[in-house]
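Structure record follows, encoded as structure tokens.
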Amino acid sequence: MIKVGIIGATGYVGAELLRILLNHKDVTVSAISSVSFEGEEISSIYKTFIDKTNLKCETIEDVLEKSEIIFTALPHGLSEDIASKCIDHGKICIDMGADFRLSKEENYKLWYEKDFSHPAIHKESVYGLPEFNRTKIKKAKLIANPGCYPTSIELGLMPLLKNSLIETKGIICDSKSGATGAGRGLTLSSHFAELNENFAPYKVGGHRHTPEIEETLGFMASDNVTVTFTPHLLPISRGIISTIYCTPKNQVDLEKIHDLYIEAYRDEPFVSVLPLGEVACTKNVRYSNYCHISLHLNHRKDQIIVVSAIDNMVKGAAGQAVQNMNILLGLDEKEGLNFISPSF
Amino acid sequence: MIKVGIIGATGYVGAELLRILLNHKDVTVSAISSVSFEGEEISSIYKTFIDKTNLKCETIEDVLEKSEIIFTALPHGLSEDIASKCIDHGKICIDMGADFRLSKEENYKLWYEKDFSHPAIHKESVYGLPEFNRTKIKKAKLIANPGCYPTSIELGLMPLLKNSLIETKGIICDSKSGATGAGRGLTLSSHFAELNENFAPYKVGGHRHTPEIEETLGFMASDNVTVTFTPHLLPISRGIISTIYCTPKNQVDLEKIHDLYIEAYRDEPFVSVLPLGEVACTKNVRYSNYCHISLHLNHRKDQIIVVSAIDNMVKGAAGQAVQNMNILLGLDEKEGLNFISPSF
Amino acid sequence: MIKVGIIGATGYVGAELLRILLNHKDVTVSAISSVSFEGEEISSIYKTFIDKTNLKCETIEDVLEKSEIIFTALPHGLSEDIASKCIDHGKICIDMGADFRLSKEENYKLWYEKDFSHPAIHKESVYGLPEFNRTKIKKAKLIANPGCYPTSIELGLMPLLKNSLIETKGIICDSKSGATGAGRGLTLSSHFAELNENFAPYKVGGHRHTPEIEETLGFMASDNVTVTFTPHLLPISRGIISTIYCTPKNQVDLEKIHDLYIEAYRDEPFVSVLPLGEVACTKNVRYSNYCHISLHLNHRKDQIIVVSAIDNMVKGAAGQAVQNMNILLGLDEKEGLNFISPSF
Amino acid sequence: MIKVGIIGATGYVGAELLRILLNHKDVTVSAISSVSFEGEEISSIYKTFIDKTNLKCETIEDVLEKSEIIFTALPHGLSEDIASKCIDHGKICIDMGADFRLSKEENYKLWYEKDFSHPAIHKESVYGLPEFNRTKIKKAKLIANPGCYPTSIELGLMPLLKNSLIETKGIICDSKSGATGAGRGLTLSSHFAELNENFAPYKVGGHRHTPEIEETLGFMASDNVTVTFTPHLLPISRGIISTIYCTPKNQVDLEKIHDLYIEAYRDEPFVSVLPLGEVACTKNVRYSNYCHISLHLNHRKDQIIVVSAIDNMVKGAAGQAVQNMNILLGLDEKEGLNFISPSF
């Protein structure tokens, strides 16, 4: 059994990861840490763990010492130092935060108002989108697990961009996410009586996932890509829908594009391209590691509309992290991730 | 007291209209009709009317005979004949369906697969968006009450289009609506266990509100306007958010655009332009006749993003119908519509 | 116009009260206060008030000075002093908190762990349940507006208790409330991702509304009444259902009991006794001041089951406070409270 | 691999069972049937099965022929005949409907208005509550999988009744269930816009689970047990909470009762007795096969309040059926059922 640890286990991403790892047959969770709950049993914080695990929250040092693979689920700015220690001690770090997602330091400075604190190790980091980067992931020591919104958008657009079928400037990404994406921290906007039966966009024109999306789409297109990205907060717990509007370079044959997507994702264990006529929805991927993609045209046939659905906590965070771990350890990529979404 | 009647009172739009009219101080509801529930008390169908009214569902003829103003809340294709009778008998008809919303018969044919059955009376119909057509509404005999999605989009874009500030081709309208918009008819997609905690677009590229939106925006712009319109179904009961992406013709000064909106809607009783920095949401207009509009730029400042929020059943249907009635009767435009939205 | 003021206007109860009073034709809101938001416009805190009022949060003293009637919406322990000042200055105080609901100081001590700070004025306070105490309310200077759960339970049981038809010991009150009942303060239990799709009881066997329920039911029965009261938190915004189980003293004829309820509430503007066979639900009273009551028997006919539904924020708080104000001012009891619940 | 089949695979219970069985390592789903969807792929009905299975809906006969173990998920009255055929052909039948839950035919007649059509095989049926009947289940050929409400109530009361600690007459069971319990069939009461934000009891005093509850509790108590059972419909998808009020025979020591429960369920893989002070909720058992039980006293210490939480579709239906299968096949009782509930 491989020993894995979680730093930041009491936030939603950390707890979701623990939930998945406890049923993973090839690893054992050796230690978890939490600054806020040090010394407490995880089952006293999340009652779902009662009778499933006796793990207690320890210190970051405990996790580093007891684990071969370290997952970090921390606010941005806190993972670089831990990743650096992992590399020094020959351990693998999978960071589920934002610290290593941007390859250009100027982008990080611009959007996070902060320099890289350990610039050297950024070169070692691999962007952990398996469908795009599997080969590199296999050999990685440091993985930047993608953001939830970027995952949905990047998987939705990859075949179009790799094949240069759309204009790379001005792609509209209208994304909607369930409330777990905002985490466990208390805020008025996620107070039940405020969010329930409400719907609205937020951070219009200024969300920090924008540079990650533009960078990665750019790598896919081998060109500069610009997007307008608008996140919205859904009054549901789980799921992201990205509705993506892009302009085809040439006249469009939707069936051909559909064939292209089917082909592109044929061997992918976690991406399903829906039959033409179907529409992707959050319900059919909830709690699972799947991405559902559906393809559409507007009535004038001058805009391709891609709809991409994931669970923000699984394929958008903890599940994708486990998928990355499975890849780099050479395990069955689906181990621990075979859960079929309950569609009701 | 002016006598008003409702044809199709047991659908959601008809029932919502009745709810509003029962508290309107200048009119009395003289008769209501329902094909499915003829002879039954409305309070046995909607229990909220217990102890509030003894109205029974009668026939269409009863309503036509007993009322001076007739509201029709019917599936498309069924209102033309009734409207024709109203005009013959000197009565006013406010149609809340789709029969008179499109001015061009070829559009109606294309999207509804049906000819106008009474082409002559279409010339008499006035599109009932008060903020755009108030002068004509005052003298109208036949009003086409706008669709819910079109209301949100048209109010959101009117100042930009009237002032020729944006490109008129390829406007992206990404709209999201609560479930009451789909009506009271039972379908799997609105079965609770299917829709709850779910989110998805529907009729991508082919929703029938598209030609209404394009026609009306065209009148506002005095130019051809084309849109890509994508509706989504929210797992909430009430509310529409339209997130609208448009390309400015010239460099943008958001403050100036904001001033323009403030000015354009200064005297409008039901449109509030939010302060810059605020984001419109459904919660603050629920159950009210208000439209909230917020204005934004993307991070490259090459896209204006307008967010427009209404209650689909009120400003998007029954409330706007009452507003139209108030205008054409010369009453206080806000009578019966002063309800302040409960924001929690 | 009568001048009214609200102390504690930025909590949910205070804001709901303001929302109702702004549309009340006989009063004007002269001042509102908030300790947390002093100096801020209420429309910047609750956006629903944009374009409806320019009221700013002032100090408690401002409200006391500018108003003839003072509503207090404060945590327990803070209203006694304000009520005392009101009485000294000949002003009327309607307290929506818990300070005056219990007549016996020992109960207050036991459940709130606190003495009365102004014992003398408690004798002047009237328990503001209009259906039970209307005569006293007409002459009151100080009103203790009932708690939300107690209102639903007391209205549900009053006819049975006044007519001595049930055992007074061991009544089971299983109550369920929407999340607004917990207020605007942030807690993990009302964090959206925690409460959404969840359901559970809370404070089992120890909720502070218990002594209020037992005292008032006792006054109705002219006897000692004991209850087991269990509140539950519903993942909805508004509404309380109390399912009440009581043992009839004699053999039961449900039709006779139904007649008794119809008779008891015949002249009550805000209580509807549903026809036998119907079941009260929260939907048909949401946002309204109505209480819906339905009556049932178990299959062995040895338990009467009363189902009582109210909106916790309206009949359970702010609406009932306005009803009390209307009564004591000799106004139409329904003024400001005529809103018909949207049942979808 | 053992071959299992599902008759009635397109209802919610059948589809949930398929979802669980597809990840069960010791069985293979050989065939599924559906009268309504014969010939269609299950993945075209439930999109969650896209890329997970190619199973098509076949006939009942196909399932009977191809399977060693047959699960029936049918409306009452339709399983007896199938069970009879299973027995004739030496196959095992696990019925998830109501046909075999009642041991007394007069109860079945009274509540289902129907005779047993195959009275002889009822003697062979075993009530499939593993915690009560594990020994019999091991040798069973025909299993009556318990109802959802009864499962929650019976597990909640078993230790108290087996030890004769409470009065057996007049136990109050106030139960609340999520909407999936009502199935996939379209009804107005489960139309999204009707149920969303609503809450109410239904079938007060007359729900068909009552005799099953009374019979089974009676077996546990070795005495006649009578209950008042009131189901309520929650506007959530999954979960049941039963709040159970019972009168202790002697003075109560809650710690001792808690110890008794801990002891009673010590070896049960799917029942967790929460620490005193905790309250069971639906969230922590959603999508899992667990039952959470919490124990409480009212403030006068004369009523024990048991709170029992399950997922109505899993421990209340399909999961318990798999648990029963595991037991009678001698497999690991937890196989296929190790999913840990996502608590957010």
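Points to keep in mind about this one:
All chains are identified by letter, namely A, B, C and D, in their written order; residue positions are counted from 1 within each chain.
In this text, a residue touches a chain if its C-beta (ideal position, glycine included) is under 8 Å from a C-beta of that chain, and two chains touch if they have at least 3 such contacts.
Labels paired with UniProt names: A, B, C, D = N-acetyl-gamma-glutamyl-phosphate reductase.
None of these values were measured; they are calculated from a predicted model.
Across B-D and A-B, the chain pair carrying more C-beta contacts is A-B.
When you average the Cα atoms of each chain and compare centres, the chain farthest from chain D turns out to be B. Inter-chain spacing, taken between the CA centroids of chain B and chain C, is 36 Å. Between chain B and chain D, the centres computed from C-alpha atoms are 46 Å apart. Mean C-alpha position of chain A lies 39 Å from that of chain B. Multi-chain contact residues of chain B, defined as those touching 2 or more other chains: 12, 180, 184, 193, 197, 235-238, 281, 283, 343-344.
Residues 170, 172, 174, 176, 193-194, 197-202, 204-206, 210, 226, 228-230, 232, 234-239, 241, 243, 245, 247, 279-283, 286, 294, 296-300, 302-303, 305, 307, 309, 343-344 of chain D are the ones that touch chain C when the two sit in their complex. Residues of chain D touching chain B in their complex: 12, 179-180, 182, 184, 186-188, 190-193, 195-197, 235-237. Chain C contributes residues 12, 15-16, 19, 22-23, 46-52, 180, 184, 197, 237-238, 272, 274, 278, 281, 283-285, 287-288, 290, 292, 313, 338-344 to its touches with chain B in the complex.
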